[in-house]
Amino acid sequence: MQTGTVSLEKAVDALRNLPYENLGFAKPDYHRALRKGFPEVILAKGKTPAQVTSIAEHLKSQSDRLIITKASPACYQEVKQSIRSAIYDESAEIITFRHSRKTDLLPGVLIVSGGTADIPIAEEAAITAEEMGHAVERAYDVGVAGIHRLLDHVPQLRKAHVIIAVAGMEGALPSVVSGLVSAPIIAVPTSTGYGASFKGITPLLSMLNSCAPGVAVVNIDNGFGAGYIAALINKAYYEKHKK
Amino acid sequence: MQTGTVSLEKAVDALRNLPYENLGFAKPDYHRALRKGFPEVILAKGKTPAQVTSIAEHLKSQSDRLIITKASPACYQEVKQSIRSAIYDESAEIITFRHSRKTDLLPGVLIVSGGTADIPIAEEAAITAEEMGHAVERAYDVGVAGIHRLLDHVPQLRKAHVIIAVAGMEGALPSVVSGLVSAPIIAVPTSTGYGASFKGITPLLSMLNSCAPGVAVVNIDNGFGAGYIAALINKAYYEKHKK
Amino acid sequence: MQTGTVSLEKAVDALRNLPYENLGFAKPDYHRALRKGFPEVILAKGKTPAQVTSIAEHLKSQSDRLIITKASPACYQEVKQSIRSAIYDESAEIITFRHSRKTDLLPGVLIVSGGTADIPIAEEAAITAEEMGHAVERAYDVGVAGIHRLLDHVPQLRKAHVIIAVAGMEGALPSVVSGLVSAPIIAVPTSTGYGASFKGITPLLSMLNSCAPGVAVVNIDNGFGAGYIAALINKAYYEKHKK
Amino acid sequence: MQTGTVSLEKAVDALRNLPYENLGFAKPDYHRALRKGFPEVILAKGKTPAQVTSIAEHLKSQSDRLIITKASPACYQEVKQSIRSAIYDESAEIITFRHSRKTDLLPGVLIVSGGTADIPIAEEAAITAEEMGHAVERAYDVGVAGIHRLLDHVPQLRKAHVIIAVAGMEGALPSVVSGLVSAPIIAVPTSTGYGASFKGITPLLSMLNSCAPGVAVVNIDNGFGAGYIAALINKAYYEKHKK
Amino acid sequence: MQTGTVSLEKAVDALRNLPYENLGFAKPDYHRALRKGFPEVILAKGKTPAQVTSIAEHLKSQSDRLIITKASPACYQEVKQSIRSAIYDESAEIITFRHSRKTDLLPGVLIVSGGTADIPIAEEAAITAEEMGHAVERAYDVGVAGIHRLLDHVPQLRKAHVIIAVAGMEGALPSVVSGLVSAPIIAVPTSTGYGASFKGITPLLSMLNSCAPGVAVVNIDNGFGAGYIAALINKAYYEKHKK
Amino acid sequence: MQTGTVSLEKAVDALRNLPYENLGFAKPDYHRALRKGFPEVILAKGKTPAQVTSIAEHLKSQSDRLIITKASPACYQEVKQSIRSAIYDESAEIITFRHSRKTDLLPGVLIVSGGTADIPIAEEAAITAEEMGHAVERAYDVGVAGIHRLLDHVPQLRKAHVIIAVAGMEGALPSVVSGLVSAPIIAVPTSTGYGASFKGITPLLSMLNSCAPGVAVVNIDNGFGAGYIAALINKAYYEKHKK
Amino acid sequence: MQTGTVSLEKAVDALRNLPYENLGFAKPDYHRALRKGFPEVILAKGKTPAQVTSIAEHLKSQSDRLIITKASPACYQEVKQSIRSAIYDESAEIITFRHSRKTDLLPGVLIVSGGTADIPIAEEAAITAEEMGHAVERAYDVGVAGIHRLLDHVPQLRKAHVIIAVAGMEGALPSVVSGLVSAPIIAVPTSTGYGASFKGITPLLSMLNSCAPGVAVVNIDNGFGAGYIAALINKAYYEKHKK
Amino acid sequence: MQTGTVSLEKAVDALRNLPYENLGFAKPDYHRALRKGFPEVILAKGKTPAQVTSIAEHLKSQSDRLIITKASPACYQEVKQSIRSAIYDESAEIITFRHSRKTDLLPGVLIVSGGTADIPIAEEAAITAEEMGHAVERAYDVGVAGIHRLLDHVPQLRKAHVIIAVAGMEGALPSVVSGLVSAPIIAVPTSTGYGASFKGITPLLSMLNSCAPGVAVVNIDNGFGAGYIAALINKAYYEKHKK
């Protein structure tokens, strides 16, 4: 019988490289850039512009890379006053920062979206993946009710390492795409639509019940989360097996 | 200003041709065959086999055509003892009756289904439409995750007057079909699947939110309802405009 | 055993006549008019006025017929500046376009509604069907709590080829109408009401559970969808059986 | 300013006539017969047959009248062994007791039901009201999809003091009845139906959203509750105004 | 076997006294005052102020009594300009009309409410019952968390013919009241509260599941419906048994 | 057999010390301070500022301690004009009153929160417990996705008598904390987050399903309730066992 | 600015005393008895009888105290064969073990329940608290519909340190109890009832929305969880303030 | 302006390599092995054992690799009679087939699970990934309520290319794991638990709302889907970037 007394060395190792700062109302984790290859993201929703700005200042002092998601124009105004390099995509509600962007983005991420109304969330995913160092191709308005538009993109679909499929309403796009490719698909339900779309619950359920394997789902309107995990997957194509 | 005093003649006319029988526990409406071109259907679920049999006897004495839906094997046994012409499709849980079937079924109804597990409901729809005098074509297991299977049926899809699309899981089939045809589509969500398919709620919601026009939906597992309304629509192709 | 190798000729035929335009944020499908007898509809909800206008310009350059649904007044203002023939029904939130309207609308569509509050959705359905070339009769405020009002319309109900029944609150209208006619009924739940009407969920569920056959349902507040499929059904009365 | 110090005399008066028995697992309230004109009812669901029997014995020793609802056959067997006067209605799942039944039942309660499958719940209501001393008329299988069947009962409907309307599926019966009468209506949703009827949620919501005034609702399948309150209302017609 | 051919005389009788007016967008039923002892109520929600005013004018020309529920201040302004006798209770959102009010209101209706926030709905019920000719007693802020406040009202509770219990949050008031009285209770859930009260769903479900008999429920925030049915019940105490 | 006749002396004793005031629209219970060691709290949501102010005046005339929760700035303005000692925490939406605050607050309450957006609810809990005489320690932004931040607080966690864990999104904080301590934990779900967090339903369900014992849950955003019960529990450490 | 570098000593301290055993399919934590004053509990639901037995054997070898909850009779049979001291309460579905039970149980825990059907869950709570060393008083069948039964227990209620209130149906018991006492209350919703009680969702929501402070809630049917946290709270009365 | 006329060559290319077989009730896609590196999976749920066996025979004749998920023992019996190499994991409900298994499984997949009851779903994922050629490490029973157990696995967690996190109840495991690693995480909610876990809805919602990036979710109990997409991701580490 193996006795699982916790080996303290392992635990110590687990915790050694995780310093953070204590702002009282927040504890930004400015070494995440080292550990995850990316700084902590700030979800602006639920925080005051002043809180967002303060956290952003601390994180920016440690790392070049930072994303602020679900940011209102008012939030952007306050951040911009403090950090002049801030850039805002109003439709995607995302703040990034001008920096010495890597010139060698890694190809492999493709984003498809069902309709024009899904573009803001698709762009939130795209900007996230680009900030993480990946080149993003886009094929928008290829919803399943005009299947010929999607089929026109089959060669592009087959070439991708990972596909983000963004759709509202009935959310069928990931299922159809999955049947055409062998890459993993990250599905993003959006809250577009009306009536019984229930602010994204319908496409969320559809995507979870996809009859096609190779699909995993993120939260409603979570473009950031999709871009993030897609970047992690695409990165695998450029890494060697860890031993 | 028009005063809407009810014209009694109209009301009388509305009610004159609607006799029915009073069995105490049921009031079968044996002139529906005249009015709707079809006898009342018996929904066996929630009734005892004895009640179903009694209602069936009364209706059969007035009309050749009768359908009993959602019938258990036990229900069929009891009906069969009383009415020898009863025929049972166990998978579709439907009882019909051997009769001088019309030899000239009207072509135009096509039923497509997403997966093998949807076939019982698809057959409930098919048998219903056939009993109402329509020829039914079937294209089963053409779910959207293997879109090439569906495309193989495009000529057949384009020829149909009305299409019944039966699907569980994410319920995307009607949306994709709708983009390929100009016929009206009756969508039937099924309770197949598991987890977050919630016994058919997911495909129901998907179908209601179809991004493609030309789709209307019936209740979960309501193959009968789909076959019935499809028959009404197909019949229009064989009737002249009423003036 | 039949081997279903996709016959490429069929697939090619399926896809040959489906050109579309690529606007980047949208891919309008301007040959839908040929295939479906109607141009693609624009759902304004979720799109910016500028996007709606741009799509509308492209579609109008190819076809006379176009409908823009769920359009805000601001959206209409922007479309109107670009396309002077635009007409707005503010209550029904629908934009159509002045054109050489067909003078020979096809009779057969009847719209009944439960209450005054359901009229905007009923009109969305009516305008849609009229744009598609069908004459629409209206019988509004004939809800089931005053059944005599509905009975006054029985002769009109019996004459219709297809009936659209629009209702909020308990959504019982389609069931009652269905018992009085043999035409197919398209039911539209509306989000009127308060408390446990849950923005249309209650009438949606009622209509799906209608105890009467011959009823199919569209999404909450989807007047457009109901008008569209009703037009497809009514057209059948003026076409010969396709062989 | 009125100061609401509790007047102890009132409180004492409120509590004085409410003795009960303490069985450890239950505290039957055998003076309810005095206060409410009826003994406490036993809801058998969730209790063991032995518990039900023990409570029944205690209550029977104090009062002639007792109802046991939602009782399984096994529960009835055990009660019957102890109390020989027990009578069981298996369909309605209700146990009553042979007694010197009042011969002068008070007329005024009418029960209408939508379909044959609703009869068990309708009978639960009927037996309850009869046990409480009221004469019950029944009009079953008068669902709204065959409105002429219901209209045949208009004179009977207009004569009733109070109406219990029992329906499953879309639950539209109370709304239609309400438009035809001026008596109060107690609506009982039933769990019959399938698919999106959700075990009675759909008719429950329909009934709560009835567009007709004069309707109040009890729990799904709560025939007992409907019979009970209907009896209270009908009794009012035979009492003088209390001063 | 009884054959239920509709007796036309009965049907005619059923429909003879139900004239109404046709305003196009509405069909007010101005003889309801005769049949139900009260004019049709106008639910203002979902109608434009102009529509409400127009319907109100027609109904007022036929009857003195009229109630307009869920009316916004803007709606009241427009009605007031046309009908000078209009009176508005802004908190209860109800419009009534100054008239030769009956001086002999019938005692018997008691309204209890759980908290201060429930008062607007309680007043909607009270005004409705008063308009229908009944005297209303009020006992507000007697929620179950301070049971002594409620017990102080026991003599008043015991004297009532019918009780309306209005409560939000956990909605326990009707259950407790029911244990203290033998009168029927109409329960009204309100949408007050926050978090998991879900805009009234929680008290609605509580009230439907009341462990006490003698309780029936109306829609969330439906003070009008509660006042209406309570008035019907109280009236019974002043009528003789109809034979 | 024990007969449970209510002993009137006990009932009298139960009710004797519960006087209250009758303001018509409210019945403030100004002896609660005696009984519960704290005055009644006013939930401002759903009451007008004038009602809140009036109740507050009456309660303040009897007791020094009073809390007004979920108070809008407008409500505070009105209260402040009448009671100059009012103090407002705008983020926590709570009004308290300057008073001779006890100098000997009882240590033992610790509040942990998952993210910055949860702070307003955490502060509502903290202020409540402080008003009730307890010293509160705070450890904010220690969400489970950065487990090292939480582990840094283990000594503090182990020292607490009772812990309030406030979290939105997936609501996992209480489960993780529970595994590290032996004190009881009061979990507060918050309505922060977006998409499928459903305004707090997701963390509410998570917390109810905590796989760790020692956790109980209050309503979504109910910081007050958590602070209140935590204060009751902490007080136990300073009391002797009652015999 | 405080920099929160994790102090490794603290983390090591946090983890040092948490050894466990690794059975492959389970990792029982046999020092929990030391840390929490109680061994890990085994939730039998979802585990095979063999797994439960194996985990139980390992835990029993380290500690005298063990509880197995939600255990089927089959599970008990298998455990009993291995550990002869096992004792089963079939109604409460709980397995405990005969041991040198402490003779000095700590008084202070009171359990009240609404109805007879709630007793199994109430007993699960009682047995849990007793196993943890606390004396439990019980007052069963004191539901709010017979408020006098509850009032009879006021002296007992006032004496308790902590109260567990178990109720199904409308779940109002905790609110009423809370108004009578100053002790904290742990509310347990049960899945008894039928129709719209939705297997315990209704009482769960009611309890979360209790208008009375001092109430916290555990999962539906989670008698164990309630007993556990109540024991933690009661223990506080026998401990000195930790410094 | 780019005109998107479908280039037929591309479409032809898209469809050329997708032959399938037509069994009438199913159309197995036996070249999926070529396209996706794996044969089509058979979801046994909803199909008869005979249907499953027939599909399995056809697929086995074309490819060595086949998985049958959610298979009952009866289904396995029938498959086994026809295909002797069938192997059944009864707990995971999965059928695989003895074959010349690759000896060089690719390391990189780690599966962690919260509790013993989650093991069947975790094994469904593990077997799937193994069948697809990947080596799977397992760390079971490391739920968040005993965080030290999970921390013991940090080195193993950090080494993995992709992690599958399986959990029921509150579903917090993926969030905690995500904070410790930089690999993508596939979260699988399970239907274990009781009460308000709602058959897996609670962990599903928790996982979708994870406050940690890098997590995507599959359907409740969808171990297969998780194993499948994890295999696709792990494979990326062994492939070169496609150009």
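Think of it as A, B, C, D, E, F, G and H in the order they're written, each chain with its own count starting at 1.
The rule is short, and it goes like this: contacts are C-beta pairs under 8 Å (C-beta built on N, C-alpha and C of every residue); 3 or more make two chains touch, one makes a residue touch a chain.
Remember, it's a predicted structure, so these values are computed and weren't measured experimentally.
By number of C-beta pairs in contact, F-G leads over the other of F-G and B-H. Note on C-D: across the candidates B-H, F-G or F-H, the interface recurring with over half of the contact pairs conserved by residue number is F-H.
Per-chain Cα centroids separate chain G from chain H by 37 Å. A separation of 57 Å divides the Cα centre of chain B from that of chain F. The distance from the centre of chain D to the centre of chain F, with each centre set as the mean of the Cα atoms, comes to 41 Å. In chain B, the residues that touch at least two other chains are 4, 6, 11, 15, 18, 20, 27, 115, 146, 148-149, 151, 180, 193, 195-197, 201, 204, 208-209, 219-220. Those residues of chain C lying in contact with chain D across their complex are 114-115, 143-148, 151, 169-172, 175-176, 178-180, 193, 195-198, 201-203, 205-212.
Interface of chain E with chain D (complex): residues 4, 6-7, 10-11, 13-14, 35-37, 41, 106-108, 148-149, 151-152, 154-155, 159, 161, 180, 182-184, 186, 204, 208-209, 213-220, 224-226, 228-229, 232-233, 236-242.
Contact residues on chain D toward chain B in their complex (touch as defined above): 115-119, 140-142, 146, 148-149, 151, 168, 192-197. Of all residues in chain F, only 15, 18, 20, 24-27, 29, 43, 45-47, 51, 55, 70, 191, 200-201, 204, 219-222 touch chain E in the complex they form.
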